[in-house]
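The following pair of complexes shares a single chain, subunit A, combined with subunit B in the former and subunit C in the latter.
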Partner chain A sequence: MSLQVENLKVYYQTLGGDVKALDGATFSVADGEIMGLAGESGCGKTTLGHSLIRLTPPMRFIEGRVTLDGKELPVWDMEEMNVFRFKKISIIPQYAMNAMNPTRKIGKMTAELLESRRVNAQATWPELKRRLDLVELSHDVLNMYPIELSGGMKQRMVMVLSTLLDPSLLIADEITSALDVSSQKAVVEMLVEFRNQRCCNSVIVITHDISILYQIADSIMIMYAGQLAEKAPTETIIHAPRHPYTQLLISSLPEIGVKHDEKRLSGIPGRPPLLLDPPAGCRFRERCPVAFDACLEPPPFTEVASDHFVACWKEA
Partner chain B sequence: MRRYFGRKLFIYALTFFLAATIDWMIPRFMPGDPVQNMLSRAALHAEAAEVMHGYYTRAFGLDVPVWQQYINFWIALFHGDLGTSVYLFPQPVLQIIMRAVPYDIFLLLPAILLSWLAGNKFGAFAARSKWLDNTISPLGYILTATPYMWLGILLAWFFGIVLGIFPIAGAYSFTMRPHLSWAFVGNLLKHWFLPFASLFLVKFGGWAIGMRNMIIYELEADYSHYLEALGAPRKLVRQYAYRNAILPQITGLGLDLGVVVAGALVTEVVFSYPGIGYLILAAIQNQDYFLIQGCFLFIIIGVLLANFIIDIVYVIVDPRTRTGMQGETV
Partner chain C sequence: MLSLDGVSKVYQVGTFGGKELHAVSDVSFDVTDGAVVSLIGESGSGKSTIGKMILRLISISAGTILSDGVDISTLQGRALKEYYRNVQGVFQDPFSSYNPIFKADRVFKTIREEFFPQVPGSEWNNRVEGALQVVGLNPAHVLDKFPHQLSGGQLQRFLIARALLLDVRFLVADEIISMLDASTRIDVLNLLADLKSRGLSVLFITHDLSLGYYISERSVILYRGCVMEMGRTEKIYDRPLHPYTQMLMASVPRLDRKWEEAANVMKGQQSDLISGCVYYARCPVAARNGMCSRGRPALVEVEDDHFVACFHAGIGTMATARSSER
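Showing the complex of A and B:
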């Protein structure tokens, strides 16, 4: 087991009170697994990703345990986490386009970052160049400033940089959101290639684009309103989802071969609840077509089949 | 690179032309007659005054049509002739200004540079912790909101009148003649200190506030967050933020250096410090067209020169300008 998360709660502090953006997440990611993390905006998927590596105010750690390769991560401590960052756990951020210092040459910045982490930059250089080849970037980029690169090139450069020290866990946060579809495909394929070449061990891919996950993920975890709804192998999530939210979400996706002027694409009626004061019990209850009395109690996230977890009373 | 500077130079030349034209126009639009003004002090006989008036009007070249005066102004300017002062007749304007400029540079250059250096260091330092931020920032806001002359008057009152340790007027004691000796230099520094302090303190507050805000902005920038996410030590994150935060401060420094010859008008008036600022006031009060014109011309040249230097410095310190030059947008 590479990553284990137990009952992780991270709230946002606001003047109006705590926003319960991540309210008790328990899951694990296996060695070499690419886990997709999907859900609509505001469901807490980015909060989950960030709380594993850089938990800063207004985020506040409430409780929970995060274990990576058998060692507990002190996610609540900015300073102590530094030992693990980059080397054990790394991130390709949502803002990869602006992630590099605009006034430093990329190579120089990389060297300074490595040296600051007490890693010999010179010894790492051949590997860095090999990985640039892997993502089809010219070695010249090391002598350029970030503004001289296109968006896709910056994305790939950040990908190389983040995985340079072979982290055990890589968090890829919305890495395809700013790219066109052909670049999207290239980037996600490179991500799989990185995993295959052991440049990183396990990967969590955060996205709202389920079709991307279908192409690359081994498993998919669906979040709703700050809680986990379902986690299962990719094929199961796409073809045999068991949580009502996942079922509705998957059925909302367009299918190839269906003309949507004949068959109207169905959505999910209603809106997700506000997380400042979420309703008791199952948070999907208000929008759920199969809700019943038991849903007034929060459903447990239980294993209904091998590697298939669902938080729903209908399935428990 | 060449095209970039060529274009810049053209813009500066155009700006100089327009600014000099306005500079020529402003004193001439003032109501009143400088020659009349000058003669009235002499209390002459009416007939003699008439003759003298005709003579001086011709001497200053004010008898020809306005358009002719304007062309003569440019011709004289290209010969390095700024005219003759009305108020300090018959001294040439250039000579009067050259006598005042050293005092301005001596007063303002240290005030501008030192306040910039100290303000940036302190501002970056203040952004480091809540406690420092809560003490240094309000102090900076109070200082930068203080008018120079008001602080000057306060300092003059306290150190000059109450404590009596600093003189409050002039560049050196009236009993002394300028010469090179320890006594004279000491005297000069003693007169210099209060005007310098009033300028330094106000400017220092401004720079410190600016730097503090810029650093906080840069520390919240994406690249800082990314460095933190990769476990970079605070030192590296701060170093990058400081280097980027200083760029707008350099622009500010350029603008401040541009007015180095006249940036202390009110301070110089408060302390009767014989710089260009003091000269401008006297020139305006006496409707001295040529002296006003000459003083402003020095300011124009100073501002343009400083801007040009900052353009060059920017090319060195900010790679984005360098890259921009290769594009179409230069």
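Showing the complex of A and C:
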């Protein structure tokens, strides 16, 4: 077992009280697994990703336990996490376009980054060049400033940087949302290639685009309003989802071959609850077409079939 | 009906404006009444530029845009105001379309002052409520609120309601879906489909091919300012003839099938080929040193309502693909 998360709660401190953005997540990611993490904006997927690596105010650790390769991660302690960051656990941030220092050439910046982590830059250089070949970037980029690279090139450069020390867990946060379809395909396929070449062990891919996850992920986890709704192997989530939210979400996605006058799709009525003071019980209750009395109690995230977890009273 | 005839947009770039950047070159297509036309392309393809030229937010370098036979670049004063009563735009980012200091419903007040000063207050309020209901909003929930109190989907629908109040006949919808969540984006798309049946024409600008298929009868595929392929949506999606369109179709992430193992499409970035096909550098079937590098292919009708700008289109594509395999 590569990553195990138990009952992780991370709230945002605001003047109006705690915003319960991540309220009790329990799941695991296996060795070599690419897990997709999807949900609407504000469902807590980025909070979950960030709390595993860099939990800064206004985020506040409430409780929970995170274990990576058998070692507990001190996610609540910024200083102690330095031992793990970049080496054991790494992130490709959402705005990788702006992630590099604009005043340094990329090669120099990379060397400084490595030295700051007490890694010999010179010894790492041949591997860095091999990785650049892997993402089809010319070695010349090391002598360029970030501004000289296109968006897709910057994205790939940051991908190489994030995985340079072979982290056990890589978090890819919305890496495709700013790219064109053709670059999107290239970037996520490279991510899979990185995993195959063991440049990183397990990957969590955070995105709102479920169709991309269908192409590359081994399993998909769906979040709703700060809680886990469903986790299952990719084929199961897409073709046989069991949580009503997942079912409605998947059926609302337009696809090539679906036209409005032949097959009219519908969205999910209503809005997610405010997380400052979320309703008791199942948080999807108010929008759920099959809600009943039991839904006034919060549903447990239980395993209904092998590797298939659902938080719904209808399935429990 | 709106028609574009040989429309181009050239920007002067470089330190002293010595270089030319062709954002849009020689684009012609029509949008008939009550039709939805998708304008599809990657970033930098000039799709938003075309929308802005139709809205007269930027000038046209060459060619003409005709609205019911009238050249829109000649419009001035009252005629221009009348044009904006019929043609409006809604843009990608609903949050930056509002002034955060004022309440969101100010967008309705401004058009009343500008276009309908003679309408009495009570009747105007009824009209506003009617328009909000058409776009699926509950007036009691959304009126008298500041922009930050409303969601992206609500703000986006506010802007569509504003266009409805003007009773527009043509809407430029520039990436209006991309900032919305999956569960609400389909509602906005359905709304456009409903408005179409009431006679509204829509230019639907998008980079998402599945959204384009869902909503539009006709599609225009753009690459670096040039039309690569256009015609009936089903024809383009079912039988893409241009290598660029084929590459796009193969890259779309789908839920019914997985990507095929294909050659990496990132190779061969842009080139500064002045003559020749704009897709030359990335094209897998281009005849090197042949006509593809010398002349720019014209848009030809290969079948009824299906135009392609490629020397290898149609039967040629198959033949070249086979010869390159050898």
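We adopt the following convention: the second predicted complex is superposed on the first by the 314 of 316 C-alpha atoms of A that agree within 3 Å, B and C clash if a C-alpha of one lies under 4 Å from a C-alpha of the other, contacts with A are read in each partner's own complex, and residues count from 1 in each chain.
Rule of thumb we're sticking to: a contact is a pair of C-beta atoms (placed from the backbone, for glycine too) under 8 Å apart; a residue touches a chain by one contact, two chains touch by 3 or more.
This structure is a prediction, so every number in the text was calculated from the model and none was measured.
Once the two complexes are laid over each other on the shared chain, residue contacts for A:90 go to subunit B alone; subunit C is not touched. In the superposed model, A:193 makes contact with neither subunit B nor subunit C. Looking at the shared chain after the overlay, A:80 reaches neither subunit B nor subunit C.
Applying the stated contact rule after C-alpha superposition, one finds that A:215 touches subunit C and leaves subunit B untouched.
When the shared chain is aligned, subunit B comes close enough to touch A:147, but subunit C does not. In the superposed pair of complexes, A:113 makes contact with subunit B only, with no contact to subunit C. Look at A:63: by the touch rule set out above, it reaches neither subunit B nor subunit C. Shared-chain residue A:267: touches subunit C; no touch with subunit B. In the three-chain superposition model, subunit A touches subunit B and subunit C at no common residue. Subunit A meets subunit C in the complex at residues 40-41, 136, 150-152, 180-186, 189, 208-212, 214-215, 238, 248-250, 252-261, 264-268, 271.
Against subunit A, in their complex, subunit B makes its touches with residues 221-223, 225-233, 235-236, 240, 243-244, 247, 317-320, 323. Put simply, subunit C touches subunit A in their complex at residues 42-43, 151, 181-187, 189-190, 193, 207, 209-211, 213-215, 233, 237, 247-249, 251-256, 258-259, 264-267, 269. Every residue of subunit A that touches subunit B in the complex is listed here, in rising order: 53-54, 56, 78, 81-87, 90-91, 93, 95, 98-105, 112-113, 116-117, 145, 147-148, 158, 161-162.
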